[in-house]
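Structures follow.
Next come two complexes built around subunit A: one with subunit B, the other with subunit C.
Entry: the complex of A and B
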């Protein structure tokens, strides 16, 4: 019996090694989020009073679009080089392969966040705090699970660039609502941070379980 | 007893009938060549045999298991070489095979043995993306035998291979039940005991290699 955890880690390691050697995605995503912040900085009349109100929205917009690119690429590359089928024609469980792909894509988005969050502090003057980082990381988990599932689903469709956001964005709304609230509180607004964080954890558990169950049908059949 | 028993395998893609009620039996250790023009249904048949595709109709037993239900169990016993090598270009030849060792649940030392079998030991550390097309094909063949499968399904494995292809393939298929699609009739004659000829998804003829060639 092949252990699913071993397989998931092998898949994630393979994806991260490939990205490290080719540097195809992370530098481009890093530039994208910085550009998004530059544009937002020029687009809004930002001052010390409204920065904390505008910054969370800009953060989630940049993160959502960076995520769509990162998760979409995770399966498109596999389809293009015909390697996904080679993986699926092993006895490895499809859910473990999916988990590995999602873990690697989430890691790439975390690297992107490592650029985004300090840049947000630089452009908007908002605090870079542990509660802020925790909220963003928790949202990344569930967003990665959902994003990768739909990326796998649309990878063999011609209009995948259009379909991926259409399918994914509506289901990301809970993360953006709960994550948005947590980030606003972390940036100084009033509200229930713990309640928002609890919701994020609930959503993470729900969507990680659901996507793991659905992965077999999406990938293998 | 036959290792592969297919009855009425049919595959439709929309209105197109790619495979039309193909019956097939391959005995243990037997090597069967599938011949036919482009679009005859060779790849469709081989993808079904490799559990990469589900037929629209028909039944398939491989090694005594229902190939449509027990796909995961069978995949541990089947090796498949598809049209495209399906490798990771940024990973070295060894890393590619070691990754698939993890998925197959076999020792990583198998990677070096498989590389030696296909004559790629000297190129083990080169990224797969920098290997020639023929070398990539050899690497794909090495991946197909990593887990020492009892059944090998090879879709035009000689494509892009050099003049040593026949010797390489002979070494790889020895002792296994093999279904191989090829356009190269001399190669089919050398490697296989029987041939099956497909045309427009139907079996046009089957028999010993000599009879079909004549």
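Entry: the complex of A and C
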């Protein structure tokens, strides 16, 4: 009997290896978030006075939509090659397979953040501080758990590109609220970010536990 | 079922009579405060419906009971209707009193998110392959939706809120208003239950109606019997 952690890591390594061999998604996502900043610049008429107020919002908008693209792709290859069924036929628990998929998708989103945060510093002059990075990384954990669960769900239905944002975005709102607050504080607004970071950790625990319980019902057929 | 529908209609008309003829006019807000009775009642009815969706989903995943799924399906649709009523009446009330149709307050935000999630729930039901898959996926969406809404509410309350708190538990209502509210709430919950029952019957009929290919098949059967 292989331990579930080993299975999850193996699934994550498989996904990351296949991304490393094709190098399709990460460059595209990096380009996408930089483009989002360019669009935001024209949409908001950003100058040195309002940049600090607008940057947190731009960060979360870019991140949310990059996340939708990344998680939407997580199950595309599996569906096209029917490899998910093969994985589910093994005695590996569905929750472990799901955890592996979610970890790999979260890693891709972290790589995308590694482009987004320096780009924000470069174009908007926002300081790249530890609490800001912590808030974004903590939100990524919960967003990846929820995003991957619903990506697995919509991969099996019609009109999946349409349904993923409709199901995922409302469930991501708590992360955007708390994460947005933490980033605003980190960028100079008044208030403490400790409570926002604490809240993000609470949400992460809640949704990681819930999604791993629900994974069985979404993956099993 | 027609009898129950007639009873629910009569109950709602009686509630309307109390709201417009019996309840006193609010000293500060004037007649527009009469929105309160149906606004709060339909919000409570909507929460009740979504609790039924949650229960139906959990029972379906646990016991694989088709009846539980049908109940969840019926309650989700009725719940979305009551949430729509709550939101629209709330906006009509907010415009004269707050000066704007909408504010990003915790209660308003979480009610809007509630509406979005269960609209998504209905969409999943439509897009997933009907039968077990739709039931399983919808149950998952229903469970996550029900848990997410208090979380959204809590996270927004943490930073900003403007909606008035519960007035009923604080004893802030005069007795005539309280009576009108309680009657309206009972009638609205009754209406919701009747609507769910009607919808449940429709879902049962839909489930029992054979797919088009099967209809063709059964149409041929008398021929072969002859």
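The working rule: the second predicted complex is superposed on the first by the 220 of 221 C-alpha atoms of A that agree within 3 Å, B and C clash if a C-alpha of one lies under 4 Å from a C-alpha of the other, contacts with A are read in each partner's own complex, and residues count from 1 in each chain.
Following the convention adopted for this analysis, a contact is a pair of C-beta atoms (placed from the backbone, for glycine too) under 8 Å apart; a residue touches a chain by one contact, two chains touch by 3 or more.
Predicted model, so just to flag it, every value in this text is computed and none were measured.
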{"item": "Contacts of A:6 with subunit B and subunit C, given as first, second, both or neither", "value": "first"}
{"item": "Partner chain in contact with A:50 - subunit B first, subunit C second, else both or neither", "value": "neither"}
{"item": "First (subunit B), second (subunit C), both or neither touched by A:157", "value": "second"}
{"item": "Which superposed partner A:214 touches (first subunit B, second subunit C, both, neither)", "value": "second"}
{"item": "Subunit B versus subunit C as contact partner of A:199, first or second or both or neither", "value": "second"}
{"item": "Subunit A positions touched by subunit B in one structure and by subunit C in the second", "value": "221"}
{"item": "Contacting residues of subunit B [partner subunit A, same complex]", "value": "50-52, 54, 71-73, 75-76, 78, 80, 82-91, 95, 99-100, 102-105, 127, 143, 147"}
{"item": "Interface residues, subunit C side, partner subunit A - complex", "value": "61, 109, 113, 116-117, 119-120, 123-124, 127-129, 133, 136-137, 139-141, 143-145, 147-148, 151-152, 155-156, 158-159"}
{"item": "Contact footprint of subunit C on subunit A as seen in their complex", "value": "146, 149, 153, 156-159, 163, 166-167, 169-171, 173-174, 177-178, 181, 195, 199, 203, 206, 210, 214, 217-218, 221"}
{"item": "Complex interface listing, subunit A residues touching subunit B", "value": "1-2, 6-7, 10-11, 14, 17-18, 21-22, 81-93, 97, 220-221"}
